[in-house]
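After this come two complexes, each holding chain A, first together with chain B and then together with chain C.
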Partner chain A sequence: MTLHDLALAVGNSGVGAWMRSNLHAMPVVEATHVLAAATVLGTVLVVDLRLLGFTDRKRAVTVVSREMLGFTWAGFVLAVITGVMMFAANANTYYGNTAFRIKLLLLAAAGLNMAIFNLGALRSVVQWDLQQRTPRAARVAAALSVLLWVSVIFVARWIGFTKGYDFAVPDNVDLDLTIP
Partner chain B sequence: MQHFAQWLQATPLSIAIQSTSWLIPLLQSIHIVMIGLVFVAVLLLVLRVLGLARTDELPSVVWSRFAPWLRRGVIVLALTGLVLIISEPVREFTAISFWLKMLLLALGLSAIAVLGKALRRDAPASRGLAVLTLLVWIAVIFFGRAIAYDVEVWGALSFKA
Partner chain C sequence: MNTTFRLGRVGVVTLLLGAAAAMPALAHHSFAIFNMEQTRVFTGVVTRINPDANHLQIFFVPMNDERKGVLRSEDGKPMVWAVEMAGSAQAASQGISVNSLPPGTYISVALHPLRSGEAAGSRAETGAIYRCPDKKAPEAGKHCDTVEGRLAFGDGPLAAAKD
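Right after this comes the complex of A and B.
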């Protein structure tokens, strides 16, 4: 099974059919996706700005991050569920959409950045939990995190403007003549 | 209103924004990033009132931590929103969701101002109002997205139907 087969299977699933047949589905699911994305971005930013030493300087890094973690994950899970639902509605179009593909790569990069931070710099957090100035590795991870998550939002919004028009017409083809 | 929207849509400024292909997606992206800031600021202020977050800090400390996010975020949202309205006034002004969003936005801003007054003085704030404030802001986000789907959401009630 190729990735394209998987995409088509999602599109042909009951979820895809339901999304296409229910008039209210798309606006409600999209609005929920925005709310979920806003929660992920905002809560991630709270932690990243603490790591960068801009805000919450007197609060322990672990306190700030533990407080936000539940909201970040709740928002992320909700964003994935609503995202898959939107994908299912137009699977083939999304599959071939460059902005969509870049968004998935950026999401993977954001996840990788978080994993590296968790397995690396964060392991010694007891030593710098209350310090205003965190280790360089932590600051780099936080800066990358801000950059990647903001990019995810930008590229995601771009999908809506390229969907369906994301193809190159060969020079020798006159589109008007191909319409019967 | 319809005439005003059509007039605005035909102004050189509106046409200039409409015809700059990357401008609208860029402004919408900034708008969404700012929604993240403002929504999480509202969320944490509400949770502080409810005693569910940052209880180790005085309410006034939590207010001064998130009020700047709220203030600056709302300013950027208003500016990007204004340019987006100028670019597509007919689409916005004929949408029920747009007017409902504006009404809820006024309520949401007033509610957070009332909560802020209590938080700043470390005085007890209404828990019911806190919950209501969060719900109103969630509704603002929902109806913001629903502007693009007025007929789908409102059916025969929509002016566009």
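Right after this comes the complex of A and C.
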């Protein structure tokens, strides 16, 4: 099963059919996706701004990050669910969309950046938890995080305006009007 | 005082939600790019459907007048047309979906062509899209609405051609 087959299977699912045929499904799911994305970006920014030294050093990095993490994950899970639902509505078109592909790569990069930060700079956090100026590795991770998540939002908005038309004729369509 | 204010806000929110719910019924863009004075009627073979939430498009290759083959360019390539309509959910309410019009289906549709001359148009406001029974093309010069066992998606007869 190729990635394209998987995408088509998602599109042909009951969720896909429901999204295509229910008048209110797309606007409601779309709005929920925006709210979820706003939650992810907002809570990620709170932590990143602390790491970059823009907010109060009396608030420990670990406290700020612990407060936000639950909201970030909840928002992310909701965004993934609503995102898959929107994808299912028109899987073939989104699959071939360049902006959509770039968005997935940016999401992967943001996740990787977060993982590297967790396994690296964050391990020594007790030493700089209450410092205004955090280690360079932490600031680089935070700056990258802001850049990547903001880029995700921008490129995501591009998807809706670059869906394009596919005039190609699939191979299995009989255009010779053969009578069986 | 405070309570009144809150009720007011709830009212506004309710109104906004109501407006949002009514939105899909409206067109997503203007029709200026289409020549609404002209109507062309095609019978053709469906190649694919793009079930876009804002505008569903059916891609098809028109049959020739004899209904014995499809229109092709000089180098033999099939001439694919696209007909655009309301969003996928509104189209689905008339039975138009990726499942009801799979690739290879014969359909008849009336459309207002693009002013640019490109092979696409906006579905005529009135009349149904007709589906021929599987592999049964209409007689020469006729459309699926004349074929026994046809299916209609939408109401009314196939819109008439107009120049």
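Here is the rule we use: the second predicted complex is superposed on the first by the 164 of 180 C-alpha atoms of A that agree within 3 Å, B and C clash if a C-alpha of one lies under 4 Å from a C-alpha of the other, contacts with A are read in each partner's own complex, and residues count from 1 in each chain.
Heads up, the rule we're going with is that a residue touches a chain if its C-beta (ideal position, glycine included) is under 8 Å from a C-beta of that chain, and two chains touch if they have at least 3 such contacts.
On a predicted model such as this, the values are computed, not experimentally measured, just so you know.
**Q** I'd like to know which partner A:T43 touches here: chain B for first, chain C for second, both or neither.
**A** The answer is first: A:T43 touches chain B but not chain C.
**Q** Give one of first, second, both or neither to describe whether A:M114 is in contact with chain B, with chain C, with both, or with none.
**A** neither
**Q** Contacts for A:T93 in the overlay, against chain B (first) and chain C (second): which applies, first, second, both or neither?
**A** In the superposition, A:T93 contacts chain C only.
**Q** Quick check on the superposed pair: does A:F71 touch chain B, chain C, both, or neither? Answer first, second, both or neither.
**A** first
**Q** Identify the partner contact of A:H24: answer first if only chain B is touched, second if only chain C is, both if each is, neither if none is.
**A** both
**Q** What is the contact status of A:V84 with respect to chain B (first) and chain C (second): first, second, both, or neither?
**A** neither
**Q** For chain A, what residues appear in both contact lists, the one with chain B and the one with chain C?
**A** In chain A, positions 23-24, 26-27 sit in both the chain B and chain C interfaces.
**Q** Can you tell me which positions in chain A touch chain C when the two form their complex?
**A** 17, 20-27, 89-90, 92-93, 163, 165-170, 172-180
**Q** For the complex, give me every residue of chain C touching chain A.
**A** It comes out as residues 20-21, 23-24, 45-48, 50-53, 57, 59, 61, 63, 67-70, 78, 80, 82, 87-90, 92-93, 97-99, 103-104, 120, 135, 137.
**Q** Help me check something: in the complex, which residues belonging to chain A touch chain B?
**A** 23-24, 26-28, 30-32, 34-35, 37-43, 45-46, 55-56, 59, 63, 67, 71, 150, 153-154, 157-158, 160-161
**Q** Taking the complex as given, what residues does chain B use to touch chain A?
**A** Within the complex, chain B contacts chain A at residues 21, 24-26, 28-29, 32-33, 35-37, 39-41, 43-44, 53-54, 56-57, 65, 138, 141-146, 148-149, 152-153.
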